[in-house]
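Heads up, the next two complexes both have subunit A, just with different partners, subunit B and then subunit C.
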Partner chain A sequence: MIEKGKIWKFSGVILIVYVIIAGLLIPLKPGIESVEPSYGNAGETLKIQVTGYNTHFKEAGNSLRAWLKWDNGKAIAATEMVALDERRMNLTFSIPNNLPENTEVQAVTLLIDSETDGTSVLPSAIFLTQTEEVIAAEEVPWVKPANFSNNGMITFPFRNILGETIRNTYFHVPLWFGMMFLFLFAVIHSIKYLRKGDAESDLKAEAYTQTGIIYGLLGLITGALWAKNTWGAYWSWDIKQNMTVVALLIYAAYFILRASFEDPEKRARVCAAYGIFAFSTLIPLLYVIPRLTDSLHPGSGGNPAFGSQDLDNTMRMVFYPAVIGFTLFGFWLSSLQFRYLRLQKLREDLD
Partner chain B sequence: MKDLHFILLLLRKEFLLEFRTRSAISGIFLYVISTLFVVYETFVKIQPNVWNTLFWIILLFVAVNAMVKSFVQEKGNRVLYYYSLLNPSHVLIAKIVYNTLLLLVLSLLIWGLFIFFGDNPVKDMGLFLLILFLGSFGFSVTFTFLASLVAASNQSSTLLAVLSFPLIIPIILMLVKISAHALRLIQDTAVSGDLAILVAIDLLLCGVALLLFPFIWRD
Partner chain C sequence: MSRFLLIVLMSFFSIFSASAANADFMRSIGKIYVVVGVMLLLFLGITLYLILIDRRLTKFENQIKSDE
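Showing the complex of A and B:
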């Protein structure tokens, strides 16, 4: 069967295959894409058309329920529901005369629940305006949305701007994790070289740095594609994007440095020292400075780079294997590159 | 005490060396003056936000040019002599202190010339002087250490620029941000936090440089 030393390589590949299959095939949870119109007035009978994503409004039939919910927990149920087709539905609400909050314009959340699709939520779906001061008190049929159904399907969450691109979480983010692990190992081998003077450690550091740069470039490309679909441009001069390019420039300079020394022993020593110095500047570059300014990335402004609310349990089942799989795969690539560099060095020594 | 004695001796040596071969230092001074003159000839009037960036960029280029010779001045037998005699940390500390002082003088000169040719947009002098010192120290640590790396290669000045510019970005970003506050371009409520980060970056780089320098130096 498989040799012992190869198990991690195989598990890396298997995890990546699993991530590609699960990450691309698991459907998105049904969600609400848009609501038209998205504003209304107190006291009127509001008719809205809801466009859903992956929804089955027709199929759901009588199990469909819909509410408008205020922040303070009060909600009203829809008075009329007409499913036009699987993705479109007309809802009618009679908005109370006196809105339950004190502001002039109040945002309400739209909740839709059905047995086939489970519960979908669109926060700030409709903005309601309190038109007149106080009209005679009325009996408002406040309800509390409850008994949500669960369709039991395995899905990824539906986020309005992200849509299907949420799957990029399993490629873009793990590539960054992988890159950091690879650079970390490069530094460990650089330190090893300075302590022991073993020529193989130097080659290993070079191999890890090369793979790290490839991971960095792939992370940048997947990020740029994602940014085009969600932020509207490939490059938004976001602080994290810029700092990433700087990090890649730092490591590109590493190879310029390698190329400019003839004596292999001197080259190894200088490059090991530069590698360690460069890695220590990565910490302020990637983790301190981006927190100080606004960023389009999630988790800027002092929060951890990845909030716990950004991942649900199904995503975790794919995300964590993706991190481990891409990291192991990176180590395999590095070990192949190391063997290639070692052979190249042998040939040079023979000449 | 003994450490301090050695460092001071080495520092004295640096000053003497610079004083005896005046060509290098006068070259740098002339570089500063002609750069500033070109800048004012082409810009005519400099807005404070441009001034802020321009000041640090000029200081950056001056620093590269001034630091690149840190380890190429003395070669061959003399280095061997130092090597048998001295602790490498003392050598690096003396060089960093000397380069910090040199850069501080140069940055004051740039500032003075800016005032002489145009006017002075700096509103908070104390803060600006403080970041001149912190900036000079950070530049000095980075450039001195990297100059020791590239000293052995034959195209050291290009190499130094390529290696150092990406590495200097965290420092220069913090400097520009704090100095924008000193120019009252922005109201920065967290300026003490930014200063703390700048000090932390400086000290981190200084510590790493001191740890690594002994390995570079043994030739």
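Showing the complex of A and C:
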């Protein structure tokens, strides 16, 4: 039914359909959305209200356990747990008189574990203050959180600031991967043109570059919408954002250059050389400079984007197909553009 | 054609202005509407590109017709 030469277009679309379905339907892992209040003092009986996301506090019943854990591994268990509903729970902790670290203010991690939801973690959930006066030592019932439950569900990770927007990993990030592949193919065809002088290679380079820019622009605006709701502003003048705009402007100049030549052969030659130059600036602009300084964007400021922090195995099952799918789709769009350019050239040659 | 282009462009802006005017809505239910917005922008962007190719082809077709 489908011609052999069209299988790759078809599989690109199938992959994107899979990505949309799996990327939207797989639930987020239960997590801790917020804790109120988020501060306390040494020696007091601290009562906090926890708001969860996708949690089942009532259903979990007796299997619920909660700890406050210090960075040095010491932890105390909750003395009282009252589930108000599936998403809200009151916890009571008796904070020791002498906190286990030497600083005045200490951040503790909240851990909640239950058979229905598995383990949820909120780092720096509560800031505890200890005054300088020396208080008599006491017996603190330190515990070591252990025997974590695993509810065996297939889920995406819960990240406090991201929430459901972690799913944008399948729609925003593959655009950039797709753009890289498109620009890579453009540069391959530019080199091919310079070596063999085949006019079709020049048109292919133009078509790939054009689709690549479209992908880049889409990546920028989807990124801006995502940034508004996680970083707080559409544009934070972040190094990654700025360098991306610079890279896209360098590519935009490619088309200005194309339009400024009358002689097709001269145009093809100069533009092929410029295409190679543009691609060689892309890697440092997008992947080297942002890593050298601080950035809000993952994969910059020294932190690699593909650590286990950002992408777990379930996400990989959706993310890699998304990259392949969007890349194939980009090739399809480029091929339409190329066929149009080829037709136009044919007609010009006939005249 | 240009009217259609205008509608697509307006939808672009409405997504952004809706998210700016009503941050509470965008951030409800674990910020799921941000994902919806991103997917919409993606679809509109690709549609815009297709419109571009469509227009060029139409122009090309008309040229060929006038040649004959």
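Observations
Rule of thumb we're sticking to: the second predicted complex is superposed on the first by the 337 of 351 C-alpha atoms of A that agree within 3 Å, B and C clash if a C-alpha of one lies under 4 Å from a C-alpha of the other, contacts with A are read in each partner's own complex, and residues count from 1 in each chain.
Definition applied: a residue touches a chain if its C-beta (ideal position, glycine included) is under 8 Å from a C-beta of that chain, and two chains touch if they have at least 3 such contacts.
These numbers were taken from a predicted model, which means no experiment stands behind them.
Steric overlap between subunit B and subunit C is absent once the structures are superposed on subunit A; the two fit side by side. Contacts of A:82 after superposition: neither subunit B nor subunit C is touched. In the superposition on chain A, A:273 makes contact with subunit B only, while subunit C stays out of contact range.
Residue contacts after overlaying the shared chain place A:226 against subunit C, while subunit B stays out of touching range. By the document's definition of touching, of the two partners only subunit C reaches A:344; subunit B does not.
Here the apex is the CA centre of subunit A, and the angle it makes with the centres of subunit B and subunit C after alignment on chain A is 80°, in steps of 10.
In the superposed model, A:7 lies in contact with neither subunit B nor subunit C. When both complexes are overlaid on chain A, the residue A:167 reaches subunit C alone and has no touch with subunit B. Using the contact criterion defined above for the overlaid structures, shared-chain residue A:154 touches neither subunit B nor subunit C, since it reaches no partner. Remark: least CA distance from subunit B to subunit C after fitting both complexes onto chain A is 24 Å. The residues of subunit A shared by its contacts with subunit B and with subunit C come to none at all. Residues 20, 24, 28, 53, 162-165, 167-168, 171-172, 175, 211, 214, 217-218, 221-222, 224-226, 228-230, 234, 333, 336-337, 340, 343-344, 347 of subunit A are the ones that touch subunit C when the two sit in their complex. On the side of subunit B, the complex with subunit A involves touching residues 145-146, 149-150, 152-155, 159, 162-163, 165-167, 169-170, 173-174, 177, 194, 197, 200-201, 204-205, 208-209, 212, 215-216, 219. Subunit C contributes residues 12, 15-16, 19-20, 23, 26-27, 29-32, 34-35, 37-39, 41-42, 45-46, 49, 53, 56-57, 60, 63-64 to its touches with subunit A in the complex.
Partner subunit B is touched in their complex by these residues of subunit A: 194, 243, 246-247, 249-250, 253, 256-257, 260-261, 266, 269-270, 272-274, 276-278, 280-281, 283-285, 288-289, 292.
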